[in-house]
Amino acid sequence: MTDYTKSELMVVAGAREIKDGELVFVGMRLPLLAFQLAKATHAPNAQGVFENGVLRDRPAGKPLFTMGDAPCIEGAVWATTMLDIMTLLQKGRVDLGFIGGAEIDRYGNLNTTYIGGRERAEVRLPGSGGGSDIASLAGRLVIVMNHERRRFVERVSYITSPGYGEGGGWRERTGLKGGGPVAVITTLGVLRFDPETKEMFLDSLHPGASLGEVKDVTGWPLRVGAELRETPPPTRKELEIIRKYDPNGFWTNR
Amino acid sequence: MGKILSMNQAIERFVNDGDCVALGTALEPLIPFSAGHEIIRQGKRDLTLIGPISDILFDQMVGAGCVSKMVMAWAGNVIMGVGYSLRRAVEKGIPRGIEIEDLTNFSICLALNAGAMGIPFFPTKTLLGTDMFQSNSRIKEMVCPYTGERLALVPALVPDVAIIHAQRADEEGNTHLWGSIGVSKEACLASDRVIVSVEEIVEREVIVSDPNRTLIPGFLVSGVVHEPWGAHPSAVQGYYDRDHEHYMRYHKETRTEKGFARWLDQWILSVQDRSKYIDKIGVGELQRFRVARSHEAMPVEYGY
Amino acid sequence: MGKILSMNQAIERFVNDGDCVALGTALEPLIPFSAGHEIIRQGKRDLTLIGPISDILFDQMVGAGCVSKMVMAWAGNVIMGVGYSLRRAVEKGIPRGIEIEDLTNFSICLALNAGAMGIPFFPTKTLLGTDMFQSNSRIKEMVCPYTGERLALVPALVPDVAIIHAQRADEEGNTHLWGSIGVSKEACLASDRVIVSVEEIVEREVIVSDPNRTLIPGFLVSGVVHEPWGAHPSAVQGYYDRDHEHYMRYHKETRTEKGFARWLDQWILSVQDRSKYIDKIGVGELQRFRVARSHEAMPVEYGY
Amino acid sequence: MTDYTKSELMVVAGAREIKDGELVFVGMRLPLLAFQLAKATHAPNAQGVFENGVLRDRPAGKPLFTMGDAPCIEGAVWATTMLDIMTLLQKGRVDLGFIGGAEIDRYGNLNTTYIGGRERAEVRLPGSGGGSDIASLAGRLVIVMNHERRRFVERVSYITSPGYGEGGGWRERTGLKGGGPVAVITTLGVLRFDPETKEMFLDSLHPGASLGEVKDVTGWPLRVGAELRETPPPTRKELEIIRKYDPNGFWTNR
């Protein structure tokens, strides 16, 4: 078996959420690698949008640190305004979006703004960026984050990026257009959402992770899917591709 | 002619204490670092900073004590995560407390676009269901008179001054900007004044050879600064790429208040202007970021 | 590959009876005359035409009986004034009555932009105090929740199909359009389908050499038609200028119903496609409109 | 004295309304000639915007029939979207706009849509185009039209482009941003508006026109300014410039 990092496994799990031909709101870090991996494997016709205004149908010619790096614009099919790209989301043209988060709750609501709520503000985090927009407006949402007790909480203290709010029907009542989260890819497993209650459940465990461990670092009584599977590990080919786009392991902690 | 100024003059003339200043509107590239550093050196105070993703320039201005408020979607260090000066300011009031109006990337675009368009607000489907309604009292909700659906309303932002860095402009301020555009056009159209710093001042003929490339016309521009490397460590498409290591070092070295003070002195306060900054880094060192693999736009004919 | 179609195929496949069709969105230049003529030849019916200033193409489509409704700011013959077919339709119901939703150039931009942005309406300071509120029941008024001022609301337009003519596209429909842009981008982003006819089909490399020049990306384009001279008698920047005399003759010759019928037969119904249209005018004659004085855009570097 | 047409005189009168350094919403026909004349004489720093998205600070290299003609875009400083240009108006950045009209009334309201009102529609005219937007939003408005009885009516049957509505205070009550009309340049004279009542009055008579003639073709009891002047005729130099931009007299009926 090939050695790989947790981040590399997360990239592979992320790539699998992308279907061929989809328009994907990519973002940076692991999601960008997931997008590049998907394009190089099962989703060659997927296209990626970046919030600075860029649409790419082929990978950049050099590894990227930010979406504004010169190689991300060079060779793009469209480099327009941020407003045009964000309105693709609002218009409902984006199939899938990826975001990260500092704190998440049972219904997939994310906090990347104030830990401890706004008034007490124990920690000021960087804020929404485009995360809230993607969570609100993308057709499907995939969340990528570390699985830690302080991050998986019963109720987030501040909703930066809405998941399913208080459960089933909440997005519709709130007037949100996008479909909401379909997967949370963590350092320990992949979690999905009950179609009715919209509560998060554990769908697959990463190789080496145990159910007990996951439950321990999840701040509510976590449900487990009917058939708890093991997340398929990266293949050698997948790792090669990831390492091509993150040659120094900057994002994948190699 | 009258619009060509040094950065020192441009900031002195067009940025006042208490102003709302839009900066970093092209996102990660084309950040007007040189202008921001001059604002710090001139000790401007009580600024409101407006920008989507500010990267470390906002963090530096907050740490230097220039800022009383931020209207933003994200602030920190894009590749490293948090900005420590911002955290110290919000969590501990060091060097001073600041107010934050939280928006998202999309809604900050809408706010600047409303300002650009001369309308008081923009209706949108983003922001609904978020706690931005708590931390930004200016967002409202309404029921759509056409569809009955819920809409969030984002009020217009009209900055006193927008500062952008671009590839080239003529002496009147007619500006070509390419690559990552972000929300730069809307910010310039919304603002009362615009300062443009550029890699090159070019003849008018260069600009009018390609009027679709013009980001903003000169009549909206108050001052034009010829400032090569004015966006370093951020990228300028076709001129230089991003100096990622600079951001990594900033992250490492500004973790503490003392570390930040050292950085501020070393890279901003003790550096007279951008040409001295270039000397300090070393022209040779900077050549690493220059274009190594040319890719020119294919010809476009405007004749008749 | 699959997107490259003949004009006949593109219209047959993507324009249905009863559709809302946005056309002429670049204003006087780049009017997709070839597409409009094919719509007439295929006898499409009950179309709603959407466009700011339509010039004589709308007049031709109305006269040919394809149109049941127009959403427009101005319709006629730009250099000559009125369009006689439009007058006959509105005043006498010949060949059929049509409904008109009056807007202004600005408000039609706003309506298409609302459609492009996925919001139900746009607030604006235009339209207030006009009788457009009488002749367009979809315009509303509101009091601004921020300023208390009166605002007009323009509801979104979402065309079934937008048809544009542009200079060049690749096989995927990634399209470069330059010169007069008008409201073309908003119309394409708003519409369910987009048909692009172009002077040249180019390699993908041409498009991606200048991504800021792309008006719309191919993923929004349903069909691409290679149609040289497809905008004649209107202009295509860098390819050919406007054939003003053609518009003067149209004005003179379509004053009567009979005159219009003759014109329709001569220039549209009896002409199989655009290549036959070119033959009819004469390739030599058309050369008069070609670029005589070249003016190329100055180089732009995207490399790194 | 040089021979000139009424249209040429109107162009000269229009040019005099433009101040140096102003941003002018130009339009086509006589206003375009007026703008070009002003730039060549007393207003070299005026800049012109055209609603298709163009900003020019120098005249086009060839006479124009439409604002979209290739020479109007070639050499422009900005060729952007129609929306950007129209929003300059709404933002209050346009000092002066020109429009024409088919029917005008005592308070400068214009009709270019339905003669006889919408329901009876004796005549369907082309509609607003950008005229209504310019009339609503430009800092000052100058109207250029033929002085005929059927055109100068007590009350227009349809307001396409608002003037002062029902008189003083109406624009403010209506929420209009722009300043409203300051001059109506006709085939017979120049009319202006009372600062209080906003009623149109005759300010100058063109050479050869009589007050009786003007009153005859005006559909309400027309007031006359305190000092009725004669419109200064075009100079030889002015005519030369106009004829350079309209060499065949297409717009000036030579």
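Note that the chains are named A, B, C and D in the order they appear, and that numbering of residues resets to 1 at the start of each chain.
Going forward, a contact is a pair of C-beta atoms (placed from the backbone, for glycine too) under 8 Å apart; a residue touches a chain by one contact, two chains touch by 3 or more.
All of these numbers come straight from a predicted model, not from anything done at the bench.
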| item | value |
| --- | --- |
| Pair sharing more residue contacts (C-beta pairs) when B-D is set against A-B | A-B |
| Far-end chain from chain C, centres as C-alpha averages | A |
| Distance from the mean Cα position of chain D to that of chain A, given in whole angstrom | 57 |
| Chain A and chain C: spacing of chain centres that average the CA atoms, whole Å | 40 |
| Rounded Å distance, chain A centre to chain B centre (Cα mean) | 27 |
| Contacts with 2+ other chains: residues of chain C | 118-119, 124-125, 149, 151, 178-179, 181, 185, 212, 237-238, 241, 293, 295, 302-304 |
| For chain A, residues that touch 2 or more chains besides their own | 54, 69-71, 73-75, 79-80, 90, 177 |
| Chain-to-chain touches, reported pairwise for every pair that qualifies | A-B, A-C, B-C, B-D, C-D |
| Interfacial residue positions of chain B with respect to chain D in the complex | 116-119, 172, 174, 185, 189, 204, 207-208, 211-212, 214, 216-220, 302-304 |
| Residues of chain B touching chain A in the complex | 26-29, 52-53, 72-76, 78-79, 81-83, 86-87, 90-91, 100, 102-107, 109-110, 113, 124-132, 134-135, 149-151, 178-183, 185-186, 234-235, 237-238, 241-242, 244, 293, 295 |
| Touching residues (chain side chain D, partner chain C) in the complex | 28, 51-54, 61, 65-75, 79-83, 86, 89-90, 113-114, 118, 121-133, 136-137, 158-162, 165, 170-171, 174-177 |
| Residues on chain B engaged by chain C in the complex (per definition of touch) | 118-125, 140, 142, 144-147, 149, 151, 153, 155, 176, 178-179, 181, 205-206, 209-210, 212-213, 237-239, 241, 291-304 |
| Contact footprint of chain B on chain D as seen in their complex | 23, 47, 54-55, 57, 61-62, 69-71, 73-80, 84, 87-88, 90-93, 177 |
